[in-house]
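Both complexes shown next keep subunit A, but they swap its partner, so subunit B is in the first and subunit C is in the second.
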Partner chain A sequence: MGLLSKKDAKLITDPLADDNPITIQVLGICSALAITAQLKPSIVMAVSVIFVLGVGNVVISLMRNIIPSKIRIIVQLVVVATLVIIVDQVLKAFAYELSKELSVFIGLIITNCIIMGRFEAFALGNGPWRSFLDGIGNAAGYGLILIIVGFFRELFGSGTLFGFKVLGDSVEKTGLYAYGYENNGFMVLPPMALIVVGIIIWVQRTRNKELIEEN
Partner chain B sequence: MGLKENLHKLKKKYEGKKMAPAFNALHTFLYLPNETTHSGSHIRAADDLKRTMNTVILALVPCLLFGMFNAGYQHYAAIDETLRAAPLANFFTMDNFLMGCITILPLVIVSYGVGLAVEFLFAVVKGHEVEEGYLVTGMLVPLIVPVDIPLWMLTVAIIFGVVIGKEVFGGTGMNILNPALTIRAFLFFAYPTWMSGDKVWVHGAVERSKEIAGGANLDAISGETILGSYAQNQDIMYSLQDMFLGFIPGSVGETSKLLIIIGALFLIFTKVGSWRIILSTLVGALIMGLIFNGVISAGWIEESSKFYGLMNVPFWQHLIIGSILFGAVYMATDPVSAAQTNKGKWIYGFLIGFISIMIRVFNPAYPEGVFLAILLMNVFAPTIDHYVLQGNIKRRQKRLKVKTA
Partner chain C sequence: MEHIELFFKSIFVDNMVFAYFLGMCSYLAVSKKVSTAVGLGAAVIFVLTVTVPLNWLLDQYILREGALSWLGAEYAEYDLSFLSFILFIATIATMVQLVEIVVEKFSPSLYNSLGIFLPLIAVNCAILGGSLFMQSRDIATLGLALNYGFGSGIGWFLAIVAIAAIREKIRYSNVPPALRGLGITFIITGLMAIGFMSFGGMLTGGDEEKPSLDGNPENVGFNEDTLEDSNVESPETTFVVSEPNTKQ
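After this line comes the complex of A and B, so read on.
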């Protein structure tokens, strides 16, 4: 990669797979279960977190030498809160329906452990460029899982993708539904999101045995 | 050369190969394995896992056969109400049995076919022996679903139940939840319209209502379960004798309380099923029923309340309606997912009965809660065992202190 050095590229690629915030570090599960019933909110959530974590990491990194260590958590909270409010207002202005659908979960990005985790673990000790890459990488890893889960839950739970009826119309009985297929109501419920995340974790650790934790 | 020798030879030939577990499974399924332990002392016992499983299946066969007759009987009686006047005379007929074969044998075949395929697949991939665990599950599954459940739904549910309910935990003997009930729970949450209501319990009722909606000039047939009628504060059209003998709509194998009691006695006599769990479950159910009856007679609840119908059921009748008896005898006693200690079994069973009736009365969407109660207590069984063990250890430590002091 010409643009990034090998070390910098790893900051982005590692969280996508072998150091994924959801499947390996098991952070940010709450929102992953709550908003993945459909694909569109999953993607909006992913983009929002990428924005918040990317910008937030840079800001914290720039201020890292002037933040007194005793009040750093409060400073971090202020930074996240500011960014989340920006995201919330933008969504309300330009995608009101989606913002209603996501309701409190945009606000709850503040409490997403991934964000505070990266501020603490990375941005406080690294320069702005590397912090930016780390933020983008981790948020993308989080978003990737969200989108995978959202894809399967919307496809099997509602028979749609982005609201398009890809499997036919369940009321008019066209497409697959003409043969007696029915939507799986379990997929829409949060427990199934947990099971889908569990299956992703299972598949990932079967492919890469090094990830299996010793206990 | 018989089949047995050929199988032995095949086993030798495939030893160490990838497909070995599949052949070995077939072998152990049909015959006693020809290996013996070579060194050390060992105990000879006749009741291995396979024999235990077969005992349960034997206890289930009467329920299955009765379910076949009942499937036909409910179908014809829904069309011709006069049949219900003399259930005994109209029950054990060839027509009923043939109808039962057509509707229920596919369920059994799909259940075993899909379930064993998943088991074989996991055995081959993971390279361990095929476990017998699915033998009983495969028989239980057709007995606890409505007769008209579409086969593809059953297939999806069985794959889910066997993989997520059992294989991810390490296979037979390691599962936290009862696999058969996991399958039922999946069906219930995924396809609720096929698991509840007044149509699915009678073969042909769903089909018929579709035809009527399409403009056909037919009488609608319905097979509301007794619990369903109670939940809607309706009158019951079945006599106590019908309920006890099982001439009522319901899941395939759970209707005949008489046959379940016979199966229970068989399981207790062969020491396969735990009488403590069965008894305490029934006691728990009776006590919860008594509490609800008490609420009614104390006048704390209006007659217009939607819970009135189910609360007003005489407490002992809770045992002969719904599936509490089937659940207590065949599901709660599953040795893997139940509590292991004797004291724990009493607590575990009691809470199953208690919670079952509670859910039955208070669940507005679906007036039965036995499978939910058993799954819930499956989760708590290790906790119960833990505290029973700790209590025992503490008591003995105290005794030791008194002795040594």
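After this line comes the complex of A and C, so read on.
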């Protein structure tokens, strides 16, 4: 890592695993689960959050000395809302179908607790460059979980990835379906998103015993 | 009739937590004890009931296309709907602050029980979600918007109180160590959501269900409505949902 000092690199790598926003910090689950029925919206959501959190962290960090602490929540909300409007308008202009599919969940990035959480916990007390790295790292950790969940739900639920039929055609019985494999339609329904995340948490904590909670 | 239908639909069928995962952060963080869960749930009902109708007024008279025509004919073409995120969240943050001040002044006992939760609520996705769903579903009148906000709040209240009660009990069970805490809560919520899916048929009972008996999946009304609203799930869902009906 020639570009980043060791301490800075940790800001990015920590949230990817041992300090993951979703599975450890329990932030930002709200808008995460509903859009993971397929891989493509999951990736779009991940990229949107990386943009909003990276830029937002820098903006808040630059303004940290002039924001009166009493009204900081409102200031933060205005910054996030502005960035989310930009994302929303870009999606509507260049990927209209996708923005219809994500419906209100792009708007709900505003109240995504990761964003407010990082503003409060990091950007208000650190310089712009470190805040930027922290924002990118945390949003990437969030996106990683989204993509894992989206991958499994689309693969087992519809037998596709990005809409390509990777397991063969379920109607014409080709590929795996020729051997009697069936799609688990339950995977695309909302409850399975929760259970898949539960299982990810289970796997992660089995591998790293330090993370285990006291009931 | 319309009111009763919307009321029950927003509590059970379109439950904020189990159908759309809204407000999950505070749902997971504040559900360790029933008493605090009741406090937060009550605050959510309260704030949703106030903000959804308010944002409905904003949407009708300022934001949507042609909404400004009451100002004069030359304003009729304006479409400010891209501003809705920022206006909705501003309304919510202001209302939460205002409610906090008013409650503190007039009912200190209520303030003591709700007080610590009110600031949390400004960033609860269930509140903004309520307003955004109200907008995207084109709820027709102020009364219905009020009803929708209240119903969604009750749905959220039920969800958080139920999970808090389960978490109080599960402390005495032998959960695998790695699943303790967060993991098991996710899985329980998933199972509860499966349970809540069975409320889906509630509103299509009686006459409307008959057409689906001849095995035509297109006529299974209830979940298709929800799906069209959210536009999130893929078409496969309808197939799965219609299966029990075709077997009857």
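FYI, the second predicted complex is superposed on the first by the 214 of 215 C-alpha atoms of A that agree within 3 Å, B and C clash if a C-alpha of one lies under 4 Å from a C-alpha of the other, contacts with A are read in each partner's own complex, and residues count from 1 in each chain.
The rule is short, and it goes like this: a residue touches a chain if its C-beta (ideal position, glycine included) is under 8 Å from a C-beta of that chain, and two chains touch if they have at least 3 such contacts.
Quantities reported herein were computed from a predicted structural model and do not represent experimental measurements.
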Original post:
Once the shared chain is lined up, is A:182 touching subunit B (first), subunit C (second), both, or neither of them?
Top reply: first
Original post:
Is A:125 contacted by the first partner subunit B, the second partner subunit C, both or neither?
Top reply: neither
Original post:
When the two structures are overlaid on chain A, which partner does A:78 contact: first (subunit B), second (subunit C), both, or neither?
Top reply: second
**OP:** Could you tell me if A:158 is touching subunit B, subunit C, both of them or neither one (first, second, both, neither)?
**Re:** second
Original post:
Which of the two, subunit B or subunit C, is in touch with more residues of subunit A?
Top reply: C
Subject >> subunit B versus subunit C as contact partner of A:202, first or second or both or neither >> reply: both
Subject >> Contacts on subunit A seen with subunit B and repeated with subunit C across the two complexes >> reply: 185-186, 189, 195, 198, 202
Subject >> Sites on subunit A touched by subunit B in the complex >> reply: 180-182, 184-187, 189, 195, 198, 202
**OP:** Going by the contact rule at the top, pick out the subunit A residues touching subunit C in the complex.
**Re:** 23, 26-35, 37-38, 41, 73-74, 77-78, 81-82, 84-85, 88-89, 100-105, 107-108, 110-113, 116, 157-158, 183, 185-186, 188-195, 197-199, 201-202, 205-206, 209, 212-215
Subject >> subunit A-facing residues of subunit C, complex >> reply: 18-25, 28-29, 82-86, 89-90, 93, 119, 122-129, 132-133, 136, 170-171, 175-187, 189-191, 193-194, 197, 230-234, 236-237, 239-240
Subject >> Interfacial residue positions of subunit B with respect to subunit A in the complex >> reply: 150, 152-153, 156, 164, 168, 186, 189-194
